[in-house]
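Next come two complexes built around subunit A: one with subunit B, the other with subunit C.
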Partner chain A sequence: MSGSRLSSFLKGVAKKWEVLYFFVPGVLVILLITIYPIFNSIWLSVHETRYLRTTSFAGLGNFVKFLTDPSSLRTIKASLIYVTGTVALSLPLGFILAVILNRDLRFKGLLRSIIILPWIMAQVVTALLWKWLLDPVYGPVAYWIQRLGLGRADIFGNQYSSMFALILANVWRCYPLAMILILASFQTVPGELYEAARIDGASKLQSFTKITFPLIRSTILITTILLTLNTFNMVTLILVLTAGGPFGYTEVLALRVYRESFEIWNVGLASAAGLLILAFNILFSIVYISIIKQESLY
Partner chain B sequence: MGLRKTKLLTDLVCYAVLLLMGAFVLVPLLWFVVTSLKPTADILSFPPRWIPKTVTSRHYATILSNPSIGRYYLNSFIVCLGTILVTLLLGSHIGYAAARVRFRGKNVLLFGILATSMVPAISILPALYIMSLRLSLHDTYLILILVYSAQNIPTVTWIMRGFFESISPELEEAALIDGCTRLQTLYRIIFPLAQPGLASSAILVFINVWNEWLIAQNLTISEHMQVVPVGLYNFIRDIGVEWGSFSAYTVVSIVPVVVLFLALQTRFIEGLTAGGLKG
Partner chain C sequence: MLNRRNASLVCLLSLLLIAGISMIAQAEEEIVFWTFLNPADQSPRSQVQTQLIEEFERQNPGVKVNVQIVAWNEIAPRLIQAVNSGRGPDVVRIASDSWEQQIDADTLLPIDQFVDEAYKQDWLLPWEFGVNENGERVAIWIEHRVVSLYYREDLLAEVGETVPTTWSDLGRIAGKLTEKGYVGFTVGLSQGGAGNGLMECYFKPVIWAAGGYLLDENGRAAFNGPAGHKAMQLLYDLVHTYKAIPQETLVWDVDGMFQGIQAGRVGMSLFATHRVATARQSEAVGESIKVAPVPGFDGRPSPAHVTGWTLAIPNTCKDPELGWKFIDHMTSTEAQILNAKVAGELPARKSAYDDPWFQEDPFGREMVEWKAYIDEYGRIPQFPAEYLYLHSVLVEAAQKIVQGNVPIEQALNEAAEKYNSRVR
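Then we have the complex of A and B:
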């Protein structure tokens, strides 16, 4: 009897106007702020622009111009290095820490809080912390390097060390996300599975590779995608820490789009390059959403 | 005996790794805090000194007595609270319908909403800038709140959907028998039960918005509209880095998020995982 009462309730709620009441306001905001600007960007990207005005139709001219310019290819290369470096360091780091924090340890709560701290810092703040720590004149790191007899270290004056510093600062910021997500997925693995495996005589390593890993595989994939996109789309940290220097070696694609828009005011070209970033995101998001869809079937 | 020894050894290795990571996290932060407490002459000393000869609160006094910094704080709080209000209200309504109502096209709509959270700000920023000018919303709280809301509604929707699904529908039914209307039931019974979800959403949105720089920098322009990160950025751009007062300002700027995080850590982590992982 409660079932029929319930289903009639649900049917009632399903009345069209009620669905609209729940969805329309939020969807409107998203349509106005997220969807409409995408179309506007497409419009801008196929036009020549002067300051904020479109002057003439350019077809795919902006895309061609951007993709054939050697300096923009360099920004794509810088993005790839930045993303690869960040993911390659923060994912294993987050994983190891998740494994450790999944154990019974004393002071676990405190240690976990400290380890998550970088994730709640603003990118501006993170960039400034590292800029000052790595300062070539007054910073302690430059001093330690000098003490080791490696000479005066101008970390931001060299393309390799500059990129490395950028990756380091970003790893500092990103690994807590990997850790939190992976740790959460460990906790979804039912304990009885381990118990059963133990009784069946499986070693710890075996129960990890045969039970834990298959169950958290999709989380690792999701984490990789989130870290990749987060890093690929990043402007703020890079702008404040290296500003793309030295000589544009750390100017990643997203920073280039920012400069093209708000420093050079070349809005058409910037929108074209921005859409390339969007395309990259869409590709990864399709994978992301299909994983989440699969998971939600369980 | 052997087993115990192995456990002890593993524990030791674990602690060693955690201590190392703790140092990695804390060294940049401590160096900033130490700097903010040194007299200017000591800041520019070589070799760098971790333990200051004299400790001064002068930089903090300079920063806290600066009226424009108070204004940046006020702006940040207004934008954060405004965004929290809008996202929680709109996101939880979508989340509720997503958890309870069946209708055609629901999944497409939901995953469509989730997908919009993956649109990077930098891709649409020039278009947003132009739109804010056309709508005469440039340099207002409203445009910041709108943009941040659009960015955060999908996550909040996702978190809230999970919470509503975990609440038994029988409660709603009982309330209906008692003569409540459907919306009364939602507002009086379901929302109060969903408080943990609302808290998770709120802290997540607060931290996102408090830390955001890119959009705030470009959609506002006047001095009195600057939020905290914009103020920080302009400080170095306009004055150059005067590390003493600057580090004090930075430390002051991270206090709200750190306090909130420490107070509501569990909720924060719940929100982060529900927003990123679950279907």
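Then we have the complex of A and C:
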């Protein structure tokens, strides 16, 4: 093959595979930061470990050990309560605020900026703030509870009130996300639809249920997915605010994984529990996505 | 286009450049130093650290200390990860709590080879404290802190009392303070802060005072013996019988307890001595905070729970000799005197106390009292590789005993069983 023919052949090949230049780097990054850790977790979960080194093959031993430990069921239950409580409160709150902020208000921009603040705060800061607010001795909430004659506020000493406090702190942190996403979707609904509905004699409630809600439903479901995953995988806020107490009732699955990994260095068991979190996350996503697909009206 | 002569010139210059760069690189040896003290921070401890590093670099031309900041509670886990991946530092500032874990994870180099017998004798605590299985030390103390009784002299005077020396006295006096609306005494049963609201600030000194240990010589749980029972019974009595500890304060972690002191609401509590200066900076308490040895059961103080920050050479150190030279400088007698005067840290070396400052300055004299407590009663606590889990199961047991009314024996035996099932 002569020099010029080789050159044109190589050029042809380069042209043909040009597309690779664009997506290969992205694929490599995804493989490196997403796929590799998952496979590494699977590898670790089927091994006995000593610190970060694998020692012997354990098969499904770590999964069995984790799932038969009575405290594991408690952590799964705590996670589900925490996620359900957070989503059930922050979604309606975000929705109501989005409805309010969608109107013509004075200082709307300022209000939006103030409302978004909790979302941009670090989880540690949120936790410390709520810890101080609810402190039984020098916290302002305890002070007012006592002033109102409602007795001593032992919020973190009781399993129910400490879980409630945890959910409350997380709702305070999460509702701005729900609000922003829903508010953005409100603004995508074409005004002509409302105009047509008004001409047809639809009430405000009918406009909302027949036009607004169906059009923003997918955003609500996506927001639900985001809030669920975000809350299910959360460690820092819980670690700082209740540290899993009292009696381990606020120790959620993600916190348990953190402790098994970096406090006890039982990385094999932690990986097994981590894969359980992944399974839960996938399950939640599948359920929500299937709802979106089934009920897509427009 | 380059002609042959110019091309040769370019090659020659490139070679010279490469040689020059490598010579500079060789001349400048680097010590990667992990610490939580940020040189940009204006805190006294950071200033002392920076001053000592600058001195070291002046005395050792061609050596550059590369300070890398790691959060204090991240140093131990990150060191294990870094050494495992072969990218650890040359010198690390590590808490004595983590020694056993690091020894177990095989991350630190022994340093006995660098020292002689006279050097070993110059420390408040015996050299044998904190050694690996071959009896070799892996770290050198920068400073000590000893768990002591913090008390509010003014509040005690208000109820007509002086500092207690026994636990029964403490319970009675703290009960009086609580009745007056203060928090008489605090023990934190939160899992937060590594469970130290219970473990450091109560259980370890008290189980020693009761004649027991957390673990036996095989590293198995011993806290469920008579001494552990006695310590937990006292805790129960402090809450329910003496009413010395208000129930709602049991949710505090060690930082919550300390904030209670700073807010002026707490009468007495156990803390390590490194917090004294900060406590006194609070307007609510000021100089009324005093420090005394931890009470005992029979009038003698409880054994002194001594910990501190140390310097160690990780396995990844490029030049252990140089690493040691740096540690020797940073922990020298002069460095410890400077640390005491500027940063208020208690020297770990005996020779540091020969400085006249310890006789002349009131804070220096107070430090001498703490030193005397360590001299006579000092012990370093057991921090097994799984110490965070140990703390966690004991905090849970204490919560069950004090808040859940579970019998002491049952709660401690359950905790022992849980801990033993995880010991490697």
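The criterion applied here is as follows: the second predicted complex is superposed on the first by the 266 of 298 C-alpha atoms of A that agree within 3 Å, B and C clash if a C-alpha of one lies under 4 Å from a C-alpha of the other, contacts with A are read in each partner's own complex, and residues count from 1 in each chain.
The rule is short, and it goes like this: a contact is a pair of C-beta atoms (placed from the backbone, for glycine too) under 8 Å apart; a residue touches a chain by one contact, two chains touch by 3 or more.
What you see is a predicted model; the values in this text were computed from it and never measured.
Aligning the shared subunit A places subunit B and subunit C in steric conflict.
In the superposition on chain A, contact of A:34 is made with subunit B only, not with subunit C. When the two complexes are overlaid on their common chain A, residue A:52 makes contact with subunit B and with subunit C alike. Which of subunit B and subunit C touches more residues of subunit A: that partner is B.
After overlaying the two complexes on the shared chain, residue contacts for A:111 are found with subunit B alone; subunit C is out of touch.
By the touch criterion defined above, A:247 lies against subunit C but remains apart from subunit B after alignment on the C-alpha atoms of chain A. When both complexes are overlaid on chain A, the residue A:136 reaches subunit C alone and has no touch with subunit B. Legend: residue contacts after superposition of the two complexes on their common chain; A:262 is shown touching both subunit B and subunit C. Contact with neither subunit B nor subunit C is seen for A:67 once the two complexes are overlaid on the shared chain.
In the superposed model, A:81 makes contact with neither subunit B nor subunit C. In the superposed model, A:222 lies in contact with subunit B only, and not with subunit C. Of all the stretches 40-48, 148-156, 184-192 or 202-210 given for subunit C, the clashing one with respect to subunit B is 40-48. Of the residues of subunit A, those at positions 52, 137-138, 240, 262 touch subunit B in one of the two structures and subunit C in the other. Interface of subunit A with subunit B (complex): residues 2, 5-6, 9-10, 12-14, 18-19, 21-23, 25-27, 29-30, 32-38, 40-41, 44, 52, 93, 96-97, 100, 103, 105, 111, 113-118, 120-125, 128-130, 132-133, 137-140, 143, 172, 177, 180-181, 184-185, 219, 222, 226, 229, 233, 235-236, 240, 254, 257-258, 261-262, 267, 270-271, 274-275, 277-278, 281-282, 284-285, 288-289, 292-298. On the subunit A side of its complex with subunit C, the touching residues are 50-53, 131, 135-138, 142, 152-157, 162, 239-240, 242-248, 259, 262-266.
Contacts from subunit B toward subunit A in the complex involve residues 10-11, 14-15, 17-18, 21-22, 24-29, 31-32, 35, 43-48, 50, 86, 89-91, 93-94, 96-97, 100-103, 109, 111, 113-116, 118-131, 133, 146-147, 149-151, 153-154, 157, 169-170, 172-173, 176-177, 182, 207, 210-214, 218, 229, 232-233, 236, 243, 246-247, 250, 253-254, 257-258, 261-262, 265, 268-269, 272-273, 276-279. Put simply, subunit C touches subunit A in their complex at residues 77, 80-81, 84, 101, 105, 183, 189-193, 246-251, 253, 256, 259-260, 263, 265, 385-386, 388-389, 392, 395-396, 399-400, 403-404, 422, 424.
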